[in-house]
Structure formats: C-alpha cells, structure tokens
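Chain nomenclature is as follows: A, B and C, assigned in order of appearance, with residue numbering initiated at 1 for each chain independently.
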C-alpha cells in the first residue's frame, strides 16, 4: 500500500529525514516512536503534503502512485488521512458543514454521487457514536473553543466519516487524559477492518496498550533505527531511548 | 506566494454574471443638469408644486457644494453635466398585474434570478422593482393594504399620500446633509415608499430590486420607510447593473423613521457592476442611508453585503434619539480587482440607555482597497449609552489594502464604548487542514471566508443569506494572488 | 545668541517671521534647511480643525497671539535644580527658555563614548551631519517647520557603538521667563550607534509667572542596528502653556525603542509621535498616560510606521479625563507593502471621571501587506462600579477607593519603563497628580 524509499526531507534548510525506508501493507498497524526531534512529525507532514517540508531525495508510492507528486487534497481523496497533532480552528464554519464539503469532495473524486443532507446526517449520527461525540459538537465551528480532548476526538470522527485507506495519527494521544485516550483508541479500533492501515506516531507507550500495533519502529536522526513488535514499545517504556541512541551513535561514529 | 494560493490565481475571473443589457426602449431626459432638467423630471412625474420647490431648493444648494474629498478612495472626477438624470423604460405604464409587464423587463428579472413569478409563488416577499430610475412594478400591494401597510413606488406615494411625504421627506437626511444627498433631492426620479401603521407587524419581507440599465444614466432613487409606534418591518434591497466601459453614478438616499417601540430591519445585497479586472467601468455608489430612532425602545438594524461597485461611499447610520433605542450595523464588504470601498456607519447616541452594535467584516483581494470608517458619538445627554464595535479585515493577497478608521467621541462619563479591530490573512494552516480533508484550496478559501462572515450572514433573511453567500464566492474568484 | 534673545518679534506673523528667520544667527551648515523649513511653515500656516489631523484640537488662537522669543537671562543654578533630577546620579542638561544653560548642567565629565552638548559645539560630528534635521518632516508638519526654522539651540546626545550607558540622561526643559506670550522652541537630537544602549528623560516644567507660553519641541531619535533607546517624556507645565511636541524615531535593523509619554500638566498638549521601523526585526513600544483636569486638552497623535518585515510594535495609551478636560487619542498603525510578518498591537483605554469630560478616540489601521497580525482596541467608560463596590465593602472609603482604582489604571503604563530609578521618579509625579 505504502512504500517509502530512502526518503530525505528538510524544513527551513535543515535536514530532518535522512533516508527513511518503510513499508505498510493493507490492514497493518505500524507504531512509530522516537525521542523528541527525531523526525516523527516531519514524516507525517511530508506524507500529507505540507509545503514547508521539502523532499530532497527518495520516493513515496501509495497504491502504485507517486504520492509526492500529488496535491494535499488529492492525497486526501486518494485515501490518506492525517489526524493533526494540532488540529486547526476555522471560526464560523460548522463541523457538519465542513465535513459535508469534505465527504462530498472525496466522493466526487471517486465518481460517487454527492450525499444529500439527510443521507449525510444519518451517516454522521452513526459515526458520532464511535467517539462518543454529542450532537452539539457538530454544530460548533471546526475545533473552535474545543478542549484538547475534543479536538482529538474530532479528528477521529472526521477519519470515520472520510473512511481513508491509510490513516496517520500524529501524536493523537498527547495531552489526553485516560478517559479521552480510551475514547480515541476505541474509535480507532472500531475502524480497523483488516484492510485499513494505520501509522500511529506517538511518544508514549501507553497508547499502544489500547491500539495494539503489528509493528513498532524507532525513529532517530531521521531514520528508522530499530523495528520490532509491540514488545519493543514496552522495552522502550522501561529503558528509555538512550540505549538505542548509544547503539546508533556508536555505529555512526565507527 | 505558496503553490496553494497560486492555484487560485489561475482560476479565471468569472464574468460578471449580471452584466447583460436589456433591450427595452428608454424614455430619456437630455444629458446634463440645470434647473430645467429638475423641472423636466418633476413635470414628467406630474408632481405637485411643493415638491418641485423642494427639488429646486436642493438643486440650488447643491450648486454651492463641493464633492467630498475625505474618503479613502481615488477615482476620476465625475462630470455631472455628462449624465442623463432621467431614464424610464418607455413601455412603462401602470401595470395591473405581472402579466402586463414588458416581457423584456420580465426576462431581466428572470436573468437576475429574482423571478417575480416565483416571488409571488413563495408569497412571502413583496417586490418593488426599480429599473434605471422608475419603479416598474410593486407586487402584493393589495394584500398589504388590508393591514394598512403602504408599499408603493415613491412617485405614487407623492400623489396618494402627500401628507406623509411632506412630513417625512428630508426629515432624516436633509438636502443640506452632503453633496450627493443634495443632488439626489434635486433629481431623484423614483424609489420605494413604505409605511407601517401603529402596532402592525408586516407579514412579509418587503423588497426592492434596483437596476441601472441605460447607458450614460445615473440612478438617483429615494426610499422612505416609516414605522409607526410598535410596528415591525423587514426590508430588503438588491441591486445590479449591466457591464459597461464607462462609470455610472448611483446616488441614492434612504430615510428610515422608527417611532416608539417600532423595529425596522433593512438588508442590502449590493452587487452593482464593479468594473473589469483592470478597473474599467463600474458603478460609483455614493449613497446616504440614515435612520432615526425617534421614540422609546425604537430599533433600526442595517445589514449589508457589499460586493459590487467600482467605488463605494456609504455609511448607513442611526440617530438614537429615543431613550432605550437600539441601533445595529452588520456589514460584509468585499473588494476585489481594482474596487475601492470606504464604508461603515455612524451611531449617534442622544437618548438615555441607548445601545448600538457594529460588526464589520472587510475582505480585500486583488489590488483593491477596503476601508472601514465609522463614528460612534455619545452626546452629553446620552446617559448609560453602550456601544460595541468589532471591525475585522481579511486580506487575500499582498497587493490589496485594508484600512480601519473608527472615530469614537464620548462626552458622557456613564457611557461605555468598546472598539476592537483585527487584520489578518486566511491562514495557510487552515487551508492545509481543509486540503488534507480533500477540499480544494479554492473551496477552502470560500469556506473560511463564509465562516468569517457568518455573524453578518446570520442577520440576513434566509433567501438573502443564500444569495449573499453565492455572491461572495463569485466575487472572490481569482482574488487570492 | 544674545542678539536674538533681545530681538522682540512676533513669531507667527508671516512678514515679521520671514525677516526674523532671514536675519537670525543660524548654525551655518544647516541654513539651507532652516530657510526651507521657514518657507514650508509659511505655506502650511497654523492648521485649523478642518484639517483631519487637527479635528479635535483647535490651535488657531496661536496665530492670533503675538508670541515672542524669551529675552530673559538664565537664572537656574546647579544647586537649584539638583533636587529635580530624575535620579541622583543622572547626567543633567538644563534647557532654560530654549537655550542650554551649561552652568546648571553637569555634562563636563562624560564617560567614554557619550557626547552631550549643543549643536553649536557638535555640528561637525558625522552622525549629526548625516541625521540632524533629516528625520522630522517639516514639509507636512507645520509645527516641525516652525521649530526647524526657529530653534535657537539644540541638545545633542550621541552614544558611540557598543556603549551601554545605564545612567539616565536627563533633559530638564524649563520655562523660567516672566514675560507674556513667550515662545520656546526646543530641539533635541539623539543618536545611538550600533549596539549602543541609553536611557533618556525629557521633563518639561514652568517656573516663571508667564501669562501665556508656547512650547514647540521637536526630538529626532536615530537608533542604529541593534541599538536600544529607552525614552521617557514628562510634560508638567503650567496650565497657561500650549505645548506642541513632535517626536520622531528612525529605527534600523534589530533595534529597540521604548517611549513613555506622561502628559500631566499644560493647558493644551499636542503630541505627535512618529516611529518608523525602517529595517527588519525592529521592536517598538509606545506607552502614554494622560491625567487631565480643569480645562486641559491633551491630544496624542501616534504613527507607527512598519516599513519592513518581521517588526513588532506595541502601543498602550491610557487617558484619565476629569472636570471639563478633553482627551484625544489618534493612533495609526501603518503596515507598508513590504512589511510582511508584522505584529502590531494597539490598546487605548480611557476613563471619564466627570460628566463634562470628553474623550475622542480614533485608532486606525492602514494595512498594505497580507501576512500580518494587527489589532487595536479602544474603550471609553468610567470606573468599574463592581470594583468600587468591592473595595468599599472591604471598608475603604469611596474617595480612597476611587483613588486606588485610578492609580491602578494609570500605573501599568509606567510598568514598561526599564530603568527602576526613572520609573520610581515618574510614579511619584503620577501619584502627586492623582492625589
């Protein structure tokens, strides 16, 4: 589904990704962990097409297409969803209106009829249950005045509405209390259907107790330096990153 | 400039959708302005002597005045002798029903998307249509008359209700008020008149559509709305003009009188031809709109969505004379390409416990300039007066300008006046967020701008709000550069 | 100079004015500019209230008064003014009736890298050659034109590159004349070279029994790359003084300027501040406080001109208007086309303490760049009744409660004054006026 080869990317002329290789197959859940500044969020931004990030080398293929050639909206329409680390506020635009526009754009790109208000409302009500959203939230302006937890729930709700084939969760767990974390994780798990793939970027192992990954990767200095199963996450929780850093730095200096 | 925004630049500027010319014959006055023209207009309309006298006084006063130079707009000097001051569609006679309407005029309204037929079917909007200078049709008159509501063309009201016209004409905007008000008082050709008797709530929206059609003409309509004690009316105004290379002058006057506990809500969607991308042609819209809250708890509310005109000079105002009276101003002003707008409001607090609210949203794109100019004046007598103003500007390119000129004059210590203003651009992070959900940059800008204007759109009657949103989208095409 | 002081002239009468300017002993190197300014003044004349920038402030009576340059001799001595220094250690320059009084000043032993003196002595300095009279715009500001044409002396303060001088430099500007209708032009020039840092205080006061005085002050401040100028202006003249002040700051790259204007005295005060952020990454703070009583009129006109990207400006003006006094705040933020990434904020808060008081505010934004964050807010009202009640409910008498709240309202304008000694001194003035 997603193949990343030797990806190098920089922001404001500072190189962050240093030849990253990575593959995601349908239905897989990959967790990406790593110390601060290792390039986790850069990876999410590059995949979504944020323009401040310049790809200097490498390729990213998504379902046989060159993802890097696509505009952000075309990536979204092709099925790449990014749950933002910092969801953006759009005053005056209701969540429902925003989502209806988005859903119908995605449908249009697939040659499907636009949903009318009634159909849309019906689907929306179903999906709201997934993240325990109440109705009032759909009428509020996109993310405006939302608490941190509400914003993250809203991201998962949007994901449920847009039904992507690949969802990238960028530190969706940061700043959440345990209840909010459980709600968000339940939402994500409900969307795991064996076909949909996930890249879960996180700083904390505890999210992985709820969203159990197939693979865990450690990103350091813009590269994946270690991969394993969920046990690797537990090991990191216990021992921190220093042992990996030392290992890598030793190899680099050798 | 980001790639996202470049996409928008590539979007071709859509043509002005309302820029067709209708081919019905007009009955024109000769070009130019002198006392004879004033007499000609008055005679054409078979006016009583007192009204001719009023016009002549106004004309003589106008001759002593000079055009205002203080607005933050720049335009070639208007040659007032090169304008036709009276132009009526020739086939126009008293019409008894819509079926008698000239098919061309009817087609015009169809093109405007305001089919009178449909309006009639909807049965909740009464329409008075003014083409060039004369009112061509007022619908629902009879239905309204049953409640004692008078809704007619200004000319008819002069003949049928001279006592009301005599009493109120120029009572809110005297001809001495300003250059364009004086000009209008001298040469106004028609307009709408509306009278809501005591305690009556007007059961439908009243609406006037204005259209300038003939070349070389100016339009000088005059609207007078009177709400007696405890009355209520919601009044809508829409305007369009054909695309022409020359500038055309529109100098209207609107006067509103709101008596004790009466409420008048006046909504405008202004879409005069703005000129082409290079600033050629377009309407000069120099309008004086003012209402007076005469009694206890009177209320006047102005809502405007301004997307048209090459030059806009307009300050719908409220004089809050009655104690506890309320004035409101909600405005969205969009300028694109070479348009210039200097618009805002004046809230003059005289009565005790009076309050006013000003919400202004300016959006500038292209090489346009958009200025908010507003006065909040708290007189010494206005104990406990309250004002809240919020004036936001949104910039959609680096070639345009946004300006805010509020004047806050407070002479009463118990008053509370608050003003806030911000200027910002559409956030790239907002656009990216929309992109990431599959929404194109163009649609994202539309969505964000509509959200930004929501507080004002919410004040418009439903059908108007939809129209306003569409207008906004069209006006903004190609605006982000 | 003495010949000039002995010349009795009516400054504002055009024919006499022209003769006087032509005959005056000028600083030769600047004669072309001063003559040009004289012409500019004659062209512009005294503005009327029809002029948008003078809408709320009527100065036409200046044109009807036969003002004359003071011919009084200097009377102040070092010991006489020592108590009035802003801090005990301050470097003091006394400007008495428009002329530097060297005897009363202590500018003889200045540290390395700091020069302070009269334009007559410092006219060959390169910074002065380059900048003096170059920044204050006499073509469109009539009172700048008048000042430029008529100043008798100018105080120059020069800080060399890399000099960080933390001792206050105090310009004590005093009117000691006992003459009627005296005209006092004051001219100040400040230049902080690269990486320099200084603290300057201007205080204005009157000591004479003059019936009507007209003080016309112009300060030009040049802040070089990465230099820092902290400036405080205290206006505390008698109520028969008309004080017109023009303060222009030209800011270079990475420079910083902080200006606090305290308008406490005077009959009619008009301040024109013009801060130009002329290169990237400049930071400008403008604070102002007015305490106006009786029939005082205090008018603050400020322009913050963002000409280049990545600059920051922040403006806070508070006006307390009592009795029949009038306050005017006209603040303009100008963001030019190239000034992307500008952050500009302005706040104006006014309290009316009497039913005859008037406050006219006109905060303005003129924005020509799109990637900016600009905002202004203006409020006018009276003391918060709830707060007043709260204090009274805690046993504080109404008068004391009001004073406390007024004081709190005023004090935060002074918070930004970087030098603790200057701040304390200014706070004393504010307290004195409030009590």
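Everything that follows uses one rule, which is that a residue touches a chain if its C-beta (ideal position, glycine included) is under 8 Å from a C-beta of that chain, and two chains touch if they have at least 3 such contacts.
Predicted model only: the values in this text are computed from it and were never measured.
Most remote chain with respect to subunit C, judged by CA-atom centres, is A. Interface comparison, B-C against A-B: more C-beta pairs in contact at B-C. Centre-to-centre spacing of subunit A and subunit C amounts to 57 Å, using the average Cα coordinate of each chain.
Per-chain Cα centroids separate subunit B from subunit C by 45 Å.
Note on chain placement: the centre of subunit A and the centre of subunit B lie 49 Å apart, centres being C-alpha means. Taken together, the subunit C residues at the contact with subunit B in this complex read 52, 335, 337, 340, 350, 352-382.
Looking at the complex, you find that subunit B touches subunit C at residues 70, 380, 393, 395-398, 400-425.
Of all residues in subunit B, only 2-4, 427, 429-430, 432-441, 443, 447-448, 450-455 touch subunit A in the complex they form. The part of subunit A that touches subunit B in the complex is made up of residues 48-51, 71-73, 75-77, 81-82, 84, 87-93, 97-99, 101-102, 105-106, 109, 141, 158, 162.
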